[in-house]
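You will see chain A twice below: alongside chain B first, and alongside chain C after that.
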Partner chain A sequence: MIGKLIRTDFMKIRRKGIWFLAILGPFGVVALQMVNYGLRKDWFIQQDTFSWFYYVRNVSAFTPFALILGIVILASFMASIENETNAWKQLIALPVSKWSVYLSKYTTIGLLLVFATCLLTVFSLGFGVLLGLGGEIPYLDLIRYCFYPLFAALPILGLQLWIALVFQNQGFPITIGVFGVIMSYMAYFLPDWLIWKWPSLDNQWDEPLLNVCMGLVVGLGIYLFGMLDFIRRDVK
Partner chain B sequence: MFSLLQSEWFKLRKSNVIYILFAGPLIGLLIGLLGNDNVFPDEVNQWGGSLLMMNLTYALLFLPLITGVLAATVCRYEHQAGGWKQLLSLPVTRGKVFITKYLLLIFLVLAIQLLYLGSVFSVGVIHGYTDSFPMDIVWKSILGGWIATFPLVALQLWMSLLFKSFAAPFAVNVIFTLPTILAINSEKFGAYYPWAQPVLMMNVGEDSNNVFFIPWEQLITVVGGSFLLFFIGGYIYFRQKAV
Partner chain C sequence: MEYIVETKKITKRFGKEYAVEALDLKIPKGEIYGFLGPNGAGKTTTIRMLLGLMRPTLGTIQIFGKDLKRERIEVLKKVGSLVENPSYYPHLTAYENLEALRKIYGISKKRIDEVLEIVSLLDVANKKVKGFSLGMKQRLGIAASLLNSPELLILDEPTNGLDPSGIIEIRNLIKSLSVEEGMTILISSHLLSEIDQIANNVGIISKGKLIFQDSIDVMRKQSQNKISFKVDDCEKVWRFLISSGIKADFSEDTISMLEQNDENVATVVRLLVENGFSIYRVEEEKRSLEDTFLQMTAEERVI
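Coming up: the complex of A and B.
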């Protein structure tokens, strides 16, 4: 049942520019580094930071914004498909359970984000090779710094999807999303327990894996909370 | 025209826009209180240091992004259940509807700017600043930032008329706003990038002889030029839009 639901969700997003955004996001993150390295290549060489190690970290500096903004847009979009056409009643009237509808939306966004993250890995690898960075290519490091933020951002995905589905007026989830982006922009100043800090992979123990674990655990918690609330609510 | 504004105001009052307006000062307070302002030397006016830090994040990301949310909110009522048909079947011209919505939007942005000014003041009071409040600088950056959003508001109104959902105009907004992070680092490019103007206008600069923090030529060509482009584009689009 869940497979079919996910397939219909993917059908609903066809020709709406969602795939374009999923490609544009990772491209944008790497494009910012193209500008960065295009303008300051000599400076990096001078500072002795023209290497894969610093390149991977430079790329991942912008990943949180793109990721959070992507989550905000996708979550609001997934909710507005049914909101706009008042199709919630029709969807729920089908022989599907409400939890599977919620899970399907969550999974669809998750798959799109995984797709975008894979692209991010490929794009950053490609541009890194093109730049001719010194040393061996640290494949593991590259994959880690692309995928860790995704797992660390799962609580934000849970939160945004929940509020996007609960509020009729999409202005609220998007405003809260903007709030989250600003918070992640100031991640350095934030206390470790705020979920918007986690995608930056920064914490006082300097252990990125901790953010990933927290992201998975708290992400599951927020997901369950949102789903139970969604089941409980009346369909408008 | 006046009655149109009035009816827009009534519609807006029921749309809970007030919560969105208060996000601005809240963000300002957060940045001001969380951020560390001890990095500035003692000679710098304490308010100046706080302003510099708060304005950067606020004008770089928040202000351009929130204009899109406001624009979509203003059009939300009509996008639902054939509201455009009802509104446009009244004895009003489409041009007037467009201009009214635009005026309402820039009024809302002004309200956000003034609320933000309040939060700047609150941050200072909480920190216990003793320096005199730099009235002219605050005035310049609050009003300057407001004027710099005029073209952004025009484009977002256009996009919100074009798309029914909130997410699509917001996506367009994000695509143009994120490059600002890089644009402001480049003297050549930043000056010509419309989305970088709010942060350039609000950024407390050295030269205080001008009325605003950017030269007049830049204000007129970049802000004025992009305003005309987006406003006329949106206006023409709306006149031909099939409802």
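Coming up: the complex of A and C.
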């Protein structure tokens, strides 16, 4: 059942430019590094930071920003596809359970984000090679710094999807989302318990894996909360 | 009689307002049930509860003899519906819209062409729904509701926005579905004329309460013309008529009888005159089905 729903959800995002967004996001992140290294390559060499180690961290400095923005847009997009002609009443009157409808939306966004993250890995690797960075290519480090933020951002995905599906008017979820994006900009100054800090992988113990674990656990919690609320609500 | 839909005292409350109150809906198998009521009477809320979109505040719903709350998915497999304005994905074609539903039902792709044929949209199957007229969107909605070959079809104001020929087409379609496929159909409308032409059973809802539920023939009987008498002492006259074996009703200052042939009216008049009652007026009250409906849904007089 859930497989069928996910397939229909992917059908519904046809011709909506969502795939384009999923490509644009990671490309944008790497493009910022193109500017960065294009302008300051000599400075990096001078500082002795022209290496894969610093490059990977430079890329990942902009990942949270793009990731959160992506989540906000995708969540509101998924909601607006059903809201547009109130297709909820048609969808929920089908022989499907409400939790699977919610899970399907969540998974669809999740898969799009995984796709975007894979692209981010490939794009960063490609540009890194193009730059001719010194030393061996740290594949594991690269993959880690691309995928860790995604897992750490799951609570934000849960939150955004929930409020996007609950509010008819997407103004509110977008506002919260933009607020989150701004927060992620100043992640360094935020306390560790704020979910918008987590995708930056920064915490006082300097252990990125901690953010991933927190993301998974709290993400699951927020997901369940949102889903139960969605099930409880009447369809207008 | 076997009922496909049977609700027991379903009630829906929004805050302090009762949108639907203690509704006992009974929809017999294979019949076309007309669900009538003015705008805002609670028709759509009731239909949403029947589809499991809204949870009743109180009461239970049984469809196909199954409890909707417990076996919602099983029930919905055999229900087709079109609630209020049709829902569709404007950026997808008509075919893709139905495909998105077909995948979930898990039925054969052939059925999409079949239902598009039924609502005569086959030639625009690959056009985006965005560009459809309201009537075409409505037909697409009906096609979607027929996709799973349902045993119970729930149509909420299905002729909204259709032109006269479209309305006749849909009406004929609904009739043929009932006759040929033995489908049970619930069709809601605020227009009695609409229901009068297709339904065998009627339920009338007003201000959230079911005020009439029976076959349309019973309703027609209630709408028969009446002969009313204005006389000097109503109660006395009424007693006299009853004791003479003549059926009559009395209310305030009139005596009324269901339509009689001329001979019978003459007999009653003669009887009254011979027995010394004064007759001020004898009037014929013409009532259409529409009048009965309006009277039923009027605030003061709840039957």
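In this section, the second predicted complex is superposed on the first by the 236 of 236 C-alpha atoms of A that agree within 3 Å, B and C clash if a C-alpha of one lies under 4 Å from a C-alpha of the other, contacts with A are read in each partner's own complex, and residues count from 1 in each chain.
Please note the rule applied: a residue touches a chain if its C-beta (ideal position, glycine included) is under 8 Å from a C-beta of that chain, and two chains touch if they have at least 3 such contacts.
No experiment lies behind these values; they were computed from the predicted model shown.
Participant: Name the contact category of A:K4: first (chain B only), second (chain C only), both, or neither.
Facilitator: Only chain C is touched by A:K4; chain B is not.
Participant: Check whether A:A66 is in contact with chain B, with chain C, with both or with neither, and answer first, second, both or neither.
Facilitator: A:A66: touches chain B, not chain C.
Participant: Which partner, chain B or chain C, is in contact with more residues of chain A?
Facilitator: B
Participant: Looking at A:P95, would you say it contacts chain B, chain C, both, or neither? Reply first, second, both or neither.
Facilitator: In the superposed model, A:P95 contacts chain C only, not chain B.
Participant: Regarding the shared-chain residue A:R57, is it in contact with chain B (first), chain C (second), both, or neither?
Facilitator: After superposition on chain A, A:R57 lies in contact with neither partner.
Participant: Based on the superposed arrangement, let me know which partner A:K41 touches: chain B (first), chain C (second), both, or neither?
Facilitator: neither
Participant: Thinking of the overlay built on chain A, is A:F172 touched by chain B (first), by chain C (second), by both, or by neither?
Facilitator: After superposing on A, A:F172 lies in contact with chain B but is clear of chain C.
Participant: By the touch definition at the top of the document, which applies to A:L24: first (chain B), second (chain C), both, or neither?
Facilitator: A:L24: touches chain B, not chain C.
Participant: Can A:E84 be said to touch chain B (first), chain C (second), both, or neither?
Facilitator: both
Participant: Intersection of chain A residues contacting chain B with those contacting chain C?
Facilitator: Correct list for chain A: 84.
Participant: What does chain A use to touch chain B in their complex?
Facilitator: 17, 21, 24, 28, 32, 35-36, 39, 62, 65-66, 69, 72-74, 76-77, 80, 84, 169-172, 174-175, 178-179, 181-183, 185-186, 189-190
Participant: Using the touch definition up top, name the residues of chain B that touch chain A in the complex.
Facilitator: Against chain A, chain B makes touches at 15-17, 19-20, 23, 26-27, 30-31, 34-36, 57, 60-62, 65-66, 69, 72-73, 76, 79, 164-168, 170-171, 174-175, 178-179, 181-182, 186.
Participant: What residues on chain A touch chain C, complex-wise?
Facilitator: These residues of chain A touch chain C: 1, 4-5, 7-8, 11-12, 14-16, 81, 84-97, 234-235.
Participant: Write out the stretch or stretches of chain C touching chain A in their complex.
Facilitator: Touching chain A from chain C are residues 48, 51-55, 72-74, 76-77, 79, 81, 83-92, 96, 99-101, 103-106, 144.
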